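Below is a structure I'd like to ask you about.
All chains are identified by letter, namely A, B and C, in their written order; residue positions are counted from 1 within each chain.
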Amino acid sequence: MSDKILEVKSLKVFFKSRGKLVQAVRGINIEVGRGEIVGIVGESGSGKSVAVKAFTKLLPENAYIDADLIMSGGKNLLNLSEREYRKIRGRDIAMIFQDPMTSLDPVITIGRQLEEVIVRNQGTGRKQAQAKALKMLEKVGIPYPQRCIKQYPHELSGGMRQRVLIGMALACSPKLLIADEPTTALDVTIQAQILDLIGDIVGEYGTSVILITHDLGVVAQTCMRVVVMYGGLVMEEGTVDEIFYTPMHPYTMALLKAIPSIEMADGSRLKSIEGFPPSLTNPPAGCPFADRCSYTMDICFKQIPDIKKYSSTHTSMCFLKGEDLKAAFAGEKYGK
Amino acid sequence: MENEILILAQGLKKYFQPRGFFGLKNNFIKAVDDISLEIYKGETFGLVGESGCGKSTLGRTLIRMYEPTGGSIFYKGEDITHIKASQLKMLENRFQIIFQDPYMALDPFWNVGEILEEPLRRIGMDSGQWSNKIKDILEKVGLGSDDVHKFPYEFSGGQRQRIGIARALAVNPEFIMCDEPIAALDVSIQAQVVNLLQDLQEELGLTYLFTAHDLSMVRYISTRIGVMYLGRIVEKAKSRELFKNPLHPYTKLLLSSIPLPDPKNAVKKRKFKSVQEAALTDVMRGCNFAPRCEYKTELCLCEVPILRELEAGHFVACHNAKEIN
Amino acid sequence: MNSSNTKAKAKPGRRIENLIWEFKNNKQAIFSLVYISVILLISIFVVFSPNDPNAIDVTGKLKPPSSLHWFGTDDMGRDYFMRVLYGGRVSLLVGILAMFTSIFIGVGAGMASGYFGGIIDTVLMRFVDVLSSIPWIIMVMVISMVFKKGLISLILVIGVLGWMEIARLIRSEVLSVKERDYIKYAVFIGVNPWRIMFTHILPAVFPTVITASTASIASAIMVESALSFLGKGVSAPMSSWGSLLQSSQKFLQKAPYMAIIPGVFIILTVFSFNKLGEVVRVFAEPRVISGEEDV
């Protein structure tokens, strides 16, 4: 992780809506190294989607971004004008979304759309762009690229459309690919293929990927590092092994216990997390998870915990000491 | 498990006919194609499959929300396939449904009390007893009696799903079709709802038909599971058996696709080709899965495999099931 | 909007809160509200004024606006201010009653068409197509020739011919609402279709009805003005803004204010009703309009 593709320091995002202030992201740090797949997990309302949209300035008008630093490719993105930003988007940072249909123009053929992206971002001629488009489609595993470039988006299945979008995003060999719930709308068998594809791409191009998802299984299978978000804050961060085998935050633990595993014994019960996520218009003064946590102390309700470091990659935001957490989690069975 | 069959479907068919341009009739969409199925009293029958495989249509046809195109449905041995609307009333109390999208399932203009009164009014309960009954069921699903006057928008997704469950329970049903009830919920909330459904089943002796595309959750909640592919059931077995020993190539593909929350247990590279998924309207004489199947033979392309009992209680619809396994 | 409700107290006033917010932050909306209230109040209470809009004064014809006659006088020396106020009375009355007629027919037809579908839908919608394919103004003129000239027949003619767009709008709205799960549930448990229409579907399409009705008032006022301008509307000595506009034609050079004043009133009223419709929609929409939806 010598060179960082993306470095974000104390990012905050607010929305002003009808006189109310919604605090979607409340100060998070994120780093992405070259060729790294970082997963951001969280529930709806955790701020995971908003945070990455802030890097690409794709937030609605009523959003306010505040950060100490958003560095990408040696440039501080905070100081860029809208025009300079447009160059970054697509060329340096590409994004794919949950619903591939809405990201494609329904009345233009797949081939044309791909070519346009290539011509615009690389300034090549039509002919070369066409050849490149074909190559990209082949690369993302579309069975008949020759036929596909003549088709319209509605003629393709959801999985194929997502492939096209990935191809489009990669056509300009971006340094960072942000995938916002790319497989949520897809079936499991197709999801598996798309995740494989994303993995292959990292291997081949050295592209870094931020994968946003709510599915811990997806994270475990695809990512190298995981950022767990809750209530607009990063609760825990670490490598997949650290997060899944030695979680150091009660929220991460609770999440792991809430998913049934294939090997679960018959008649055993799921451990549900009681209660509901905190309000973002009026966030709690203390740890956002305090309300639902089974290890709360008085201090948890009063102030936001400091970040504790457990290894060079593993950090967690909890008042409990490391050894106390380890002891508390020792008896827990989950996942595997 | 008691062995009384609550619902029995034989050769059930449900076709949709979309209207094309100028009212021209298009090909049928065979959402449910010749399905035979039995659901025992007190069990949870899980239906899994990808979107568009017809699992939701099958469930809705079983509870007679949809009119079947062919085949027959029996409820406790009584033929209810072509039962008239007036007699359906009897069934409505017995069959209920929980929807996937908790935002669409409740009328945003009605408060919780009014939402729960709707089914009560239908069964002709005396309006004097409503408030007690409503308090009672709200408590059962973990909501407070002061929630009666709130509107759906004041609740989160998980709480709304509880209201949906309360509405289904209001008429003391026997059979509830849970149509992807957790698909739209957050992970931490899913477990709450699933636990609630299980508690209620134990307490009230309910029978569930549970559809989902999240296999691990279905595995966890179901007694038996049916795997559907493009309108047909391709495999049916006890839940544990199905996961331990899948016989149909499609089931194998499905199971190998589940991303396990366990980084060390990396999935082996999937061997199935990324063939364009076949559409339901495609005229196919053989096995629907054949175009994606690596074991396909001549026979698969021209003859529909029927569901055979390969091992005790384990049914599979594949010509080559024996050879593959 | 998933997380705000953890400990939310019952807040029945949220919709009103939204409405107030909308008004506070939208100057055009405040203007429209004030303007329409004033116009409505004046129209109702103007009859108690001692001044007679029909009092002729041959000595003071076509006087420009002055402190005595705020809007000047017309070609028969009548006080134009009073005539405009009385004209507004007629215009608004026609607008509102014609709106009720169109809404009644339009919403009824749209709901029936959308909800029952099939043959009812086909027949109703083809009928709508036929009606709307005939140039509207010609239709109104022909019918108003057949009917007795008068306020009631004017209202009916405008109302009865103005429902087609509303019916189409409501129909498409009903078609999408019908697919919602709560309606499917009601059908499943066998709730009477009429009950479903009135208790589930009508509230759901209500925001559209409100927008359609304010737009419909606006268009009825326009049509009335157009008809009166063409001489097929209200008859003298009764006046409406449209008929005032029409009679001002002859004096455009000498007394341009006679055309400008009713013209401005028509424009402002139509604008205000449209604006108000947009804002009031917020009240009728059930979903909380707060930023948390975006998160």
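Here is the rule we go by: a residue touches a chain if its C-beta (ideal position, glycine included) is under 8 Å from a C-beta of that chain, and two chains touch if they have at least 3 such contacts.
Model, not experiment: these values are computed from the prediction.
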Counting C-beta pairs in contact, which chain pair has more, B-C or A-B? A-B
If every chain is reduced to the average of its C-alpha atoms, which one ends up farthest from chain A? C
If you average the CA atoms of chain B and of chain C, how many Å lie between those two points? 48
How many angstrom lie between the CA centroids of chain A and chain B, rounded to a whole number? 31
Residue list for chain C, restricted to those that touch at least two other chains: 2-3, 5-6
Where in chain A do residues touch two or more other chains at once? 44, 276-277
Multi-chain contacts in chain B: which residues touch at least two other chains? 156-157, 159
Help me check something: in the complex, which residues belonging to chain B touch chain C? 63, 65, 85, 88-89, 92, 97, 99-101, 104-109, 118-119, 122, 146, 149-151, 153-157, 159, 167, 171
Please give the residue numbers of chain C that touch chain B in the complex, ascending. 1-3, 5-6, 8, 10-12, 14, 180-182, 184-186, 188-191, 200, 203-204, 286-288
In the complex, chain B touches chain A at residues 50-51, 156-159, 186-192, 194-195, 198, 213, 215-217, 219-220, 240, 243, 253-254, 256-267, 269-270, 272, 274-277
Touching chain B in the complex: which residues of chain A? 43-44, 141, 143, 157, 159-160, 187-193, 195-196, 214-222, 240-241, 244-245, 254-256, 258-262, 264, 266, 269-274, 276-277, 292, 335-336
